[in-house]
Amino acid sequence: MFAHNKRLQYTVRVSETNPGLANLMLEQFGGPQGELAAAIRYFTQALGEDDPGRKDLLMDIATEELSHLEVIGTIVAMLNKGAKGRLAEAAEEEAEMYRSITGAGNDSHVTQVLYGGGPPLINSAGVPWSGAYIDTIGDPSADLRSNIAAESRAKIIYERLINLTADPGVKDALGFLMTREVAHQISFEKALYSIQPNFPPGKLPPDPRFARVYFDMSQGEVDLRGPWNSDENFEFVSNRDEQQAVDGGDGSGTVGLSAKEKTVVTALAKRTASETGLDPMTGAELGMGEASQGTAAAPKKRK
Amino acid sequence: MFAHNKRLQYTVRVSETNPGLANLMLEQFGGPQGELAAAIRYFTQALGEDDPGRKDLLMDIATEELSHLEVIGTIVAMLNKGAKGRLAEAAEEEAEMYRSITGAGNDSHVTQVLYGGGPPLINSAGVPWSGAYIDTIGDPSADLRSNIAAESRAKIIYERLINLTADPGVKDALGFLMTREVAHQISFEKALYSIQPNFPPGKLPPDPRFARVYFDMSQGEVDLRGPWNSDENFEFVSNRDEQQAVDGGDGSGTVGLSAKEKTVVTALAKRTASETGLDPMTGAELGMGEASQGTAAAPKKRK
Amino acid sequence: MFAHNKRLQYTVRVSETNPGLANLMLEQFGGPQGELAAAIRYFTQALGEDDPGRKDLLMDIATEELSHLEVIGTIVAMLNKGAKGRLAEAAEEEAEMYRSITGAGNDSHVTQVLYGGGPPLINSAGVPWSGAYIDTIGDPSADLRSNIAAESRAKIIYERLINLTADPGVKDALGFLMTREVAHQISFEKALYSIQPNFPPGKLPPDPRFARVYFDMSQGEVDLRGPWNSDENFEFVSNRDEQQAVDGGDGSGTVGLSAKEKTVVTALAKRTASETGLDPMTGAELGMGEASQGTAAAPKKRK
Amino acid sequence: MFAHNKRLQYTVRVSETNPGLANLMLEQFGGPQGELAAAIRYFTQALGEDDPGRKDLLMDIATEELSHLEVIGTIVAMLNKGAKGRLAEAAEEEAEMYRSITGAGNDSHVTQVLYGGGPPLINSAGVPWSGAYIDTIGDPSADLRSNIAAESRAKIIYERLINLTADPGVKDALGFLMTREVAHQISFEKALYSIQPNFPPGKLPPDPRFARVYFDMSQGEVDLRGPWNSDENFEFVSNRDEQQAVDGGDGSGTVGLSAKEKTVVTALAKRTASETGLDPMTGAELGMGEASQGTAAAPKKRK
Amino acid sequence: MFAHNKRLQYTVRVSETNPGLANLMLEQFGGPQGELAAAIRYFTQALGEDDPGRKDLLMDIATEELSHLEVIGTIVAMLNKGAKGRLAEAAEEEAEMYRSITGAGNDSHVTQVLYGGGPPLINSAGVPWSGAYIDTIGDPSADLRSNIAAESRAKIIYERLINLTADPGVKDALGFLMTREVAHQISFEKALYSIQPNFPPGKLPPDPRFARVYFDMSQGEVDLRGPWNSDENFEFVSNRDEQQAVDGGDGSGTVGLSAKEKTVVTALAKRTASETGLDPMTGAELGMGEASQGTAAAPKKRK
Amino acid sequence: MFAHNKRLQYTVRVSETNPGLANLMLEQFGGPQGELAAAIRYFTQALGEDDPGRKDLLMDIATEELSHLEVIGTIVAMLNKGAKGRLAEAAEEEAEMYRSITGAGNDSHVTQVLYGGGPPLINSAGVPWSGAYIDTIGDPSADLRSNIAAESRAKIIYERLINLTADPGVKDALGFLMTREVAHQISFEKALYSIQPNFPPGKLPPDPRFARVYFDMSQGEVDLRGPWNSDENFEFVSNRDEQQAVDGGDGSGTVGLSAKEKTVVTALAKRTASETGLDPMTGAELGMGEASQGTAAAPKKRK
């Protein structure tokens, strides 16, 4: 069960209102790398987790991320506070209001017109939060790797936001939030490597014929190689013929069909066949204007 | 530039048509952990990458994932081939057709009715593919971690699909695709650790006051601890008071407002205040039926 | 700040696993009328709210809804628990596994194949949760009405789910969750009517010429009238002519254009004009087959 | 059946073109609180409604909202008319065109570049309209409450837009549209309260043990109470212990598992267990740079 | 302005309820090729259209499509009518109700549980309608082609639905709706070819060097050629070298950077460079289990 | 199988960085009419296609569109290159950085803050790419028409972008991409008309009673007619009565119900009936303020 205390996990002191900055901050409120995504990610994993240690870890961090959502949401609310009510109270003449609403140069007009200055569950482009941001699949070694990656992404977004504002209170609170992503990443790394073995993930072993092959699919000029495709670690396959039909087959796709299925498939194919021997007049030629009306004259060719 | 060869990277031999199985396979065609998501993820990273080795690595794997998308798409197409054309050619009487379309017990009816038996860009629930599946943020140490996690997720989904079918040709091709995710994960791991240091990600250092603190946010019964929150690695904070306002402030959110802003905020607050001293009649009471019409009689309380 | 206690707000006792039922329960976990939508709705309103009483109310209920999300998520997790691991551990032979995954007759295959049996943030159709479910606009009298409506919708969905299961433990927990929606609706009604006046919402008065007019837009047969369009309450306008251009103008749309704008608009119109005096041959006629090739013969007309 | 008359329901007179203002107006064309959402909401309810009076009411208002969609869409089209064709006709030199396209400071560039100056079905952030905006659930007392709330939201958005423009023709038409939302709200209120009883919604009674309890979930400092949680109306529960497991159980989640299910669950748990007794080296430590390579030295702690 | 008449454009006579069939019919109600998409497509084009003939045509057909939306929605409502109320009234015991809700084998459970048996704005997979279905771009020759294509798609979906049901009343009404798509396609074709020239669309001429070149990008085995790439119509380029950098350049991407920009780009590149000369230990190796702990031993290679 | 060559299909030479222009270019990278949509559209059609000529054509063009995606993505990357790293390296003081991030006047802030300057899979409004953009339905004559329309739309968007930039290298590369859309449209037209007959699409004939009728649904003032609704081509039906219930029935919707179904439907109707004879007090009246508290006094009426 959740309980709430009216004190924030970190005090938020904003110097002055700035709806444009508020709009950028929304990335960590309702954006793909933001705190709601983090909280929900860990909370849903916790519910489905049976390992008692990991379940506890996930719920601890989910709860902290909810508290961070409150901190970043409070920053957004404070940055918008001066603007809030301007439209509601008709505090200025219209042209002035229009200028202030559209003058920030980003999507802050959406916060004002659609959301009345409150913190909406959108990112800085105005896109509503989506469950598609959550990549949990219910396997602990995969999900912990997803969590590690998610924490590292969130750390970077906070770093960018910190570099964008000189307001000391905002900078300070963002610094706390950024730091906690680092701490969480350490915890998730420890939890991942406490599962042994955790690589390859899952239970089915890879096919030994293909697990240490590197296909050099992008060619041209010189290839700069590294440990990710070095001869120490991989068989490096550059020959285009050896990249195709690597099972030794003919590289085609086939399926067994029943007699009845064949009949239908054949009927469909026949009815919808494109004849290759004709050069039919087409809508494009009809559309080329009067001169070419009724003719299929070939346009000028290259050279 | 891309070029295409008509031979698949792996030969696809499907024993018999099975639209229901095809529907499940769509997870790796148009689903969040599928091959399009993988190909696009690495391709867009490659375009934005300046490090020549990583750029090459990303384009190599992006190109291979496109080739995998072709393999899994061919599996889907083969599994649907016998069903394709049934609706188009009206090959059976209607009741029989209705039964076969809805009888698979999953979302294969969507493939038949909306997509005509072709491989659609949806997952097994019929949800269209979304760019929101891509979590690239343009920082190499974060993106490589995202790639590592994505490969481990894709490996698991393939493992589940393999466990769902006894068709030897499908099993074989899925085994190849699963194995390649393992190989790609190894490459991305090598690329990540070739960046030194890569932790913490980014350039800004974490705040040392909070980088090694673990907040025990979920409490009750016994806490099972591990290296992810052990005393060796973290300062473990269980006291609820020490979890709040950890900066030493009062845990509130504040902002400086101009005189003009204060006026508007005050006017708005006054106009929309909820009076606490009244017990107004409400719509709920109006809706309780004749007996309570016009009264605000409190319903029965607990105890 | 949020804190978490390992005890649920309501004990969940599920008799036996049932992934199909779990899939239906997802409506209240990751569906539009579910607990996450409720929690986020009130939480974001609380952050933007300045009235101290309402802010407290909103945060109280937001926190309780998060606790309900945990309860319904635990029901989902328990109903899936027996199925979880089946694909991961390859516990049965493939054909049996395929049957059990697709046999529930709804979208539970998505939970198994994509989410590994954990509680995903989707509804019973497999659609990911969306921020578009949240209709908060930052005006208290409108938002409280939205909350009242949301509580009444959630009450109904719970009622439907209760009618779908005979498992006494599930029924009991759903009964609690359903009841709390009723209690929350009462609170939101009290908060709305504590704002006086709250109708019409907002500050701008309606135009008295149109505030009490009812346009009878759908006609035919007999109109059954009620207090929603009675003469006591409305001027009832049935005459089609009086429904148009009710401002007394000509019902057209016009705009003032600069000379430069007129030039461009005219050039565009001229270049893209459809000539009405011709009967051009079209792609449709080209596609009617050899017989009609080159002719624009009109098809048979009705009667 | 629908019929269309070329005269608008309200004459639209726009003084001069303004693509930036047009972009804001899109909120009521293709936005969540806009006229399409309203029309579709009532239209789909009407189709599913059996009560003859309500069915008529819903279709009347649905039809009027379609007519309003035409009015607001005409406003958008007029505001864009001067800009339309500029890109198509290449009417200015490129740098001038670029400046005018991006200079409005909001998302009007999307209307110009993607939609050619026509009125697109997006909101002011460029987000496509979504069926997720419609919250109809097929219960009349819930749906009527949703309609009441929707009308009150739409009224507010119109009010904000009115406060943003000084163009008398735009202001006038918006005033009409705003007023009609008020009239519709009155009708929906009358229809709701004509159902008696309508509270609680649905048929199943709430559990009397929990229907009049208020859980004080957010605590700290002073709680400002009102009729929404007063002793007259509710039992106010502040004790944290009394907020948990309110059914009197232990607050856990349990499920009965068959022997076979237990076997699988146990196997999965064992294979994926996180060992708590180790302090494994992790990727984070590998990434800390050469100095810490191969060690798991704990970073500096707080204090 | 729109007006509504209570008579449908086509009488709907359904023999008996069938929620499973209703679910399939949703494709043409709330699906991508359905009647709402059609109505909105033409309505928004009409609003932005200045050519008086086309504007009238578009509004005529938009209005008819709205009337078709009413017809298909009425079919859905009738097919669900017997099931509606079952959950609301608790008309059967729970197990029976569960069976009937999930037994249709498609997504009809969503209509029952979430939408209460009313016609929801979703497709047959339960995916909410999206503005992304509308591909209008505000150029008449492109939009008319989009309309022609849309009508042909809708015709096909109706044909599939007709082949799925033996109910004579449903078949009859679907036949009418299907036929009208054919009629509309004819009209849109006439309107397109009344613009002369309409090909190439737009105003800018294509580059004559590349307008009649066909790049043979997919090679292998035999290429079956037709008029779409014949020598009469195209220069056929198979040589891979001639497909690259066709402008005669080096096929690279370059940009001019200021000195300051170069400094930043260089700093970023240096900080995040992947060293190619090392073979670092990685997380994958840490995860391979105790045996390989601390070593980077290469796994077995192919052959 | 796909292969990649490091040389682009067209050389990209950008004069100087311009993140604002980059944002507009995203329309053809991750927008609905962009190159990914094109590539995926043809690729998925190719996989499901059995006609060997069309299959080859579709894969040829799909592969070329992927190569175009690389070209436009490279343009985006180059235009952003100077800005990339600015946030990561904290290259300027915060206020300057904030100004440059938000100063472009469109959504380029999203590229910088969320995507780190890399090319994201979004359109110029920041909306993630969606599978809903793909309208393939698996019927060749419909899909080829969709492809023709898609090529004509893409041609237009490129034309608009060309008109927006004076950078000769960007203009040149966009000119190539635009031209190729023209060439592809010609090929798809040839493929469509090689299927004879291809109109009406599909197999079921239209109902001759309704195939050549034009319903004049939008009336008022003068109707400007053209070949799309001329007497030569259509029976023109203006009489409103003849537009309704065109089957000769009563225009109602009916369904056969079993006795049991009737019982439930009746019970539901009775329980939820709106009484028409009352004028109940409503929430609106409660909300009008003290003066009207407890009364249902009708507001002032018009005139």
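Of note:
Should a chain be cited, it is by its letter among A, B, C, D, E and F, assigned in written order, with residues numbered from 1 in that chain.
Following the convention adopted for this analysis, a residue touches a chain if its C-beta (ideal position, glycine included) is under 8 Å from a C-beta of that chain, and two chains touch if they have at least 3 such contacts.
Keep in mind that this is a model prediction, so the values were computed, not measured.
Common neighbours of subunit A and subunit F, listed by label, are B, C, D, E. Copies subunit B and subunit C of the same chain sequence form an interface built mainly from non-equivalent positions, shared numbers / all numbers used being under half. Each chain gets a centre from the mean of its Cα atoms; for subunit C and subunit F, those two points are 21 Å apart.
Distance between chain centres (mean CA atoms), subunit E to subunit F: 8 Å. For subunit D, residues touching at least two other chains, in rising order: 1-9, 32-33, 53, 56, 59-60, 62-63, 67, 74, 77, 84, 88-90, 104-105, 107, 114, 116, 122, 125-128, 130, 132, 137, 139, 141, 148, 156-157, 159, 163, 185-186, 190-196, 199, 202-204, 209-213, 217-218, 224-227, 233-234, 240, 243-244, 251, 265, 268, 271, 274-276, 278-286. Chain contacts here are complete: no pair of chains fails to touch.
By the touch criterion stated above, subunit A contacts subunit D in their complex at residues 1-7, 50-51, 53-54, 87-88, 90, 93-95, 97-98, 101-105, 107, 109-110, 112-114, 116, 122, 125-128, 139-141, 148, 185-186, 189-196, 203. By the touch criterion stated above, subunit A contacts subunit C in their complex at residues 1-9, 30, 36, 40, 43-45, 47-49, 56, 59-60, 62-63, 66-67, 69-70, 73-74, 76-77, 80, 84, 88-90, 114-122, 128-132, 134, 136-139, 202-204, 280-283, 286, 293-294.
Contact residues of subunit E toward subunit F in the complex are 5-17, 32-33, 52-53, 56-57, 59-64, 67, 74-75, 77-79, 81-86, 88-89, 91, 130, 132-133, 135, 137, 139, 141-142, 145-146, 148-150, 152-153, 155-157, 159, 162-163, 172, 175-176, 178-180, 182-183, 185-188, 190-191, 194, 199-204, 206-207, 209-218, 223-229, 233-234, 240, 243-258, 260-261, 263-265, 267-268, 271. Considering their complex, residues 20-21, 24, 27, 31-33, 104-107, 123-127, 156-157, 159-161, 163-166, 217-221, 240, 243-244, 251, 265, 268-269, 271-276, 278-285 of subunit E touch subunit B. The residues of subunit B lying in touch with subunit D in their complex are 141, 192-193, 195-199, 208-213, 224-227, 230, 232-235, 274-280, 283-290, 298-303.
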